[in-house]
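Common to both upcoming complexes is chain A, partnered first by chain B, then by chain C.
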Partner chain A sequence: MKPAPAAEKLFFGAALFSASISLFILLFMVVLGLPLFKDGFFLRLFTDPWRPDHGLYGISAMIAGTLGVSFLALVLALPLSLGCAILISIIRPPVFGRLLEKTVQFMTGIPTVVLGFVGVFLLVPFIREQFGHGSGRCLLTAALVLAVLIAPTMILFFCDSFSRIPASWLRAADALGCTPMEKFRHVILPNSLQGLAGGTILAMGRAVGDTMIALMLAGNAVAAPHALLDPARTLTAHIALVVAADFDSLEFKIIFACGLLLYAITLAMTLLIRGLDRGNGGRTW
Partner chain B sequence: MVRAPRLRDRALIAFSWFSGLGLLAIFAVVIGFLLARGWSSLRPELIFGDTPPVQALLFRQQVFDGLFPAIIGTLSLVLLAMTIAVPLGLAAGIYMAEYCRGSARRLGLFFDILAGVPSIVIGLFGLSLTIFLHRHFFGRLYPCLLVSALALAFLVLPYLIRSTQTALEEIPRTVRLSAPALGASRLQNIFLVLLPRSLKGISSGILLATGRCAEDTAVIMLTGVVASAGIPRSLLGSYEALPFYIYYISSQYGSRQELQNGFGAAVILLFVCALLFTAALVVRHRLAKRFFHR
Partner chain C sequence: MFLSFISRQPVKNTTAKKPSPGTDPARPATAGEPLLEKSRLSCRHLDVFYGAKQALHDISIDFSGNQVTSLIGPSGCGKSTFLRCLNRMNETIDICRVSGEIKLDGEDINRPEVDVVLLRARVGMVFQKPNPFPKSIRENVAYGPRIHGLARHRDEIDMIVETSLTRAGLWDEVKDRLDEPGTGLSGGQQQRLCIARTIAVSPEVILMDEPCSALDPIATARIEDLIGELKENFTIIIVTHSMQQASRVSQRTAFFHLGHLVEVGSTEAVFTTPRHHLTEEYITGRFG
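Presenting the complex of A and B:
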């Protein structure tokens, strides 16, 4: 048993270092964005427009862009994912169900940039021609592709939470003469609400955190979008676009505020999922 | 039974089929479009341009109008990132599964947080780390291959830790206890019994993480990838990468030929990720089967 303590220290060191990275990221965002917290400047981030040439550095348009794109994507993806999950784990058509499940698993592996690339050359011209105005790069285009990106994650998560219902409950429902769909509506659905909420939050986190889809397809105009066909810029795309600026400029410091905000949003979602999980009595991912 | 529920049943079934077929159609359109536009450009010229392939592969001659530098860039990036991430992730995963007791279990929270951090924020962290080190310690450090690999390693670390931990924890108690009962030390038990037993779960996690490294664009955009740099010459130099090339082409292609190369690159990246992903699924599936037969 002699060498064990040294090895344990080594393993513990690796775990501690890995865990500390998430704290270091937060620390760097706060320290490098520190100049923004002085003199009430921080509040003006949320009220000013983004006009660096006039000394105005508000990011409210980007916040609106992020919320708009990800909510729309979620609204599009949620019913689709629920339907697919029902088909895969409740209706279970013998061949098609397996095929769909494999396809969904495969879809989680499609590179984001490839999905964005297809969006640029397939969906953008289509939207432009259908609606006849603008460049075709808008809130709707980005949200549609983003929905395709997050749907597979949601479907697999939903299927997983459906399969957690104890078999004895399902047999009881069968014994009472429930049709599969009645079993779903009265037994499975009410008992997997936490899982559904967890999957939805996870997908929302993916949508908020994704950079490439919005950067390639949303148009990146600095104005809060008011309609589906308005261009929008998300916080993530803003970071990618501004990063080329001079490192010492205030413009550059603003992206740490964006980073901090994104960190806070995803942190809140992670905590929420963990909270739901604890209520569920087990780890789901 | 009354009629109303049956109607609802039927509506729900119809809706589910509609969703399933819809998703499959979307998938078919995406893949079909890519293959239809990109298949024809999958020729040696796509990768090597006008340079003779042998000369390029031996690094004797530079490739200017092909994907070769981007492919080599992505390859070195992935290799470097996994070299950093795998030992760290395995060690941390082993700790979480085998040693960690009591309040240290809370470390799991930080891995979950890290897994949730958007990749662009990790890229921003990599960039700010570079600026910090450049100002205070190494004046010669700029965004480069090494920084990108480090940031990518941070990105996939939580997945590696989780998959290692889960694979180890799935081992049945009887197996877990038999070697120590025969007098094996804890470390011998881990390296001679537990790790070999969970090799499939761990390697499927590694394969998935490799795919994630190969496809991520946001991290490398902020940490040193450029549109044209040639073959990466050193760890501290800038480099090209496939995903960034695809993004770059989609935003500013100069000619039909370049656009065609972009489609070719997209097909190649899709193929690479699909291969890694399928390998991971096959490996994991085998694992699942083994457990069912026990």
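Presenting the complex of A and C:
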């Protein structure tokens, strides 16, 4: 059925509007960050340290912080999420499985500031006491809580990709006498790798983009972290901190570079997921 | 009314026992010759429930080796449900409950200590829609023998692949493209690949659940010929909607109706001189 012309126009307008917002944000950041691109200043962002009082505005420490925190969170959350997804959609214990699934769905809706809050009061003192070193606000603390944030996304995505395996393949495996483990290893896993990769990238994107948790838990020191217990500052936390403290200085302009960089990272991940989706044709083991 | 279900003619079955009418007198006994003196697979008083709904009522039937038995009946009569009891595929359905006895070579397959993995290696299954794995033709056939440890070396596997594909009548068509995906074959070829995959693990019994219903007449004829050849080595039980197919491929026929096993006998007897009026009505096309 063809929708009425008026409705069609309305929906088209809505789609155009929401699509253009994303482009306008990019444009906004490029225009406001334009001064940074002059005289090779942009390249110095990656080499200089962050010393606004000395006129040095390098953000490499923040890039390292972002990558460190999100990779660590991913490494922590990936095995956990995979295990959870297997339990929910493959082993399927009747009551516990449903309960777990509902819990995970609920967890996706928890505001990150709440997670950060819990981290500040429970995890920070715990880490401080366990390791007897530093303030407890560090790469590890932020990554642990960030892992809790991104795990539900991954679990639901993984469950979805497991459940998209055609039932006829599973029946064939059952009828051949596969053990559940063989069925998982030989039929389910090889055919859901794409979904697993997609979920992981999506979670990575969420980890990179999250602000509150890193801001509250990572310690925010302007130095590239070298160990788990070192404090770190992420690009997102940096933006938040600078915006809160300053306005209309060169220091403030730098955050547009941070924004652009985050935009680029998220875009790259989205394109990567798109690429995976396109490579759907040749499904082989 | 219900009592008239009991066969109109006296049961000629001379073997040990007649099917017991069970505790419920309203339950019809099976007409014809459900029980055999020598059997490979035998079921006694099989009841199947989906939740509170009873899908099969007191089924007792024997299957002898090296012949084809077809299960016929209108949709929803329980024939596929019955087939899935024989390799315990009903277990994958949470609400399904099976009671009664199914013996394969004298051993009850429903005992908890029976390894369902081994059972399914002995009782293979071919499905309605061809369902090859998204793997190469060779891997489709080699997979079963590999997981069951029937072959270790590459040349042993190759041997099994060749014999299985040959027996499934597919070898000549695919021998030059064993590494191409099995999903790239035509429907009929895919179904023969699934049959090759099933016989590769050397089962004793092969269950076929309407194996031709997704195929064109030519592919169907090839599968039917194949079934005729396979019965030399396997016990075959086939569910079919087509009475012509049942009469072409099978030596014995069992007619199911509303979860009851109404009549069993030689295919010829069931189709020419049915003993039960329901069978007669079904095969003459008055319902179904």
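One rule holds for everything that comes next: the second predicted complex is superposed on the first by the 268 of 285 C-alpha atoms of A that agree within 3 Å, B and C clash if a C-alpha of one lies under 4 Å from a C-alpha of the other, contacts with A are read in each partner's own complex, and residues count from 1 in each chain.
Heads up, the rule we're going with is that contacts are C-beta pairs under 8 Å (C-beta built on N, C-alpha and C of every residue); 3 or more make two chains touch, one makes a residue touch a chain.
Note that the coordinates shown come from a computational prediction; the quantities given were computed from them, not determined experimentally.
Q: Overlay done on chain A, so just call it for chain B and chain C: clash or fit.
A: Fit.
Q: Who does A:Ser168 touch here: chain B (first), chain C (second), both, or neither?
A: It touches chain C, and chain B stays clear.
Q: Check the residue A:Asn191 against both partner chains and state whether it touches chain B (first), chain C (second), both, or neither.
A: second
Q: Examine A:Thr179 and indicate which partner it touches, taking first as chain B and second as chain C; both and neither are also allowed.
A: It touches chain B and chain C both.
Q: Which holds for A:Arg51: it touches chain B only (first), chain C only (second), both, or neither?
A: neither
Q: If you tally the residues of chain A touched by each partner, is the higher count for chain B or for chain C?
A: B
Q: With the two structures laid over each other on chain A, which partner does A:Arg98 touch: chain B (first), chain C (second), both, or neither?
A: neither
Q: Is A:His226 in contact with chain B, with chain C, with both, or with neither (first, second, both, neither)?
A: So A:His226 meets neither chain B nor chain C here.
Q: How many degrees apart are chain B and chain C as seen from chain A, counting from C-alpha centres and rounding to the nearest 10?
A: After superposition on chain A, the angle is 90 degrees.
Q: Once both structures are overlaid on their shared chain, how near does any Cα of chain B get to a Cα of chain C? Whole angstrom is fine.
A: Taking the overlay as described at the top, chain B lies 5 Å from chain C at its nearest C-alpha.
Q: Touching chain B and also chain C: which chain A residues?
A: In chain A, residues 179, 182, 285 are touched by chain B and also by chain C.
Q: Which residues of chain C touch chain A once you look at their complex with the stated criterion?
A: 87, 89, 92, 94, 116-121, 124-125, 127, 129, 131-136, 139, 143-144, 147-148, 181, 194, 197-198, 201
Q: Residue numbers of chain B touching chain A in their complex, please.
A: Against chain A, chain B makes touches at 5-6, 8-9, 12-13, 15-20, 22-24, 26-27, 29-30, 33-34, 37, 87-89, 91-92, 94-96, 98-100, 104, 107, 109-122, 124-125, 127-129, 131-132, 154, 157-158, 161-162, 185-187, 211, 214-218, 221-222, 243, 246-247, 249-251, 262-263, 266, 269-270, 273-274, 276-278, 281.
Q: Would you mind writing out the residues of chain A in touch with chain C in their complex?
A: Of all residues in chain A, those touching chain C are 94, 166, 168-169, 171-179, 182, 186-187, 191, 283-285.
Q: Contact residues on chain A for chain B in the complex?
A: These residues of chain A touch chain B: 1, 3-4, 7-8, 10-25, 28-29, 32, 79-84, 86-88, 90-91, 96, 99-100, 103-118, 120-122, 148, 151, 155, 179, 181-182, 184-185, 205, 208-212, 215-216, 236, 239-240, 243, 247, 255-256, 259, 262-263, 266-267, 269-270, 273-274, 285.
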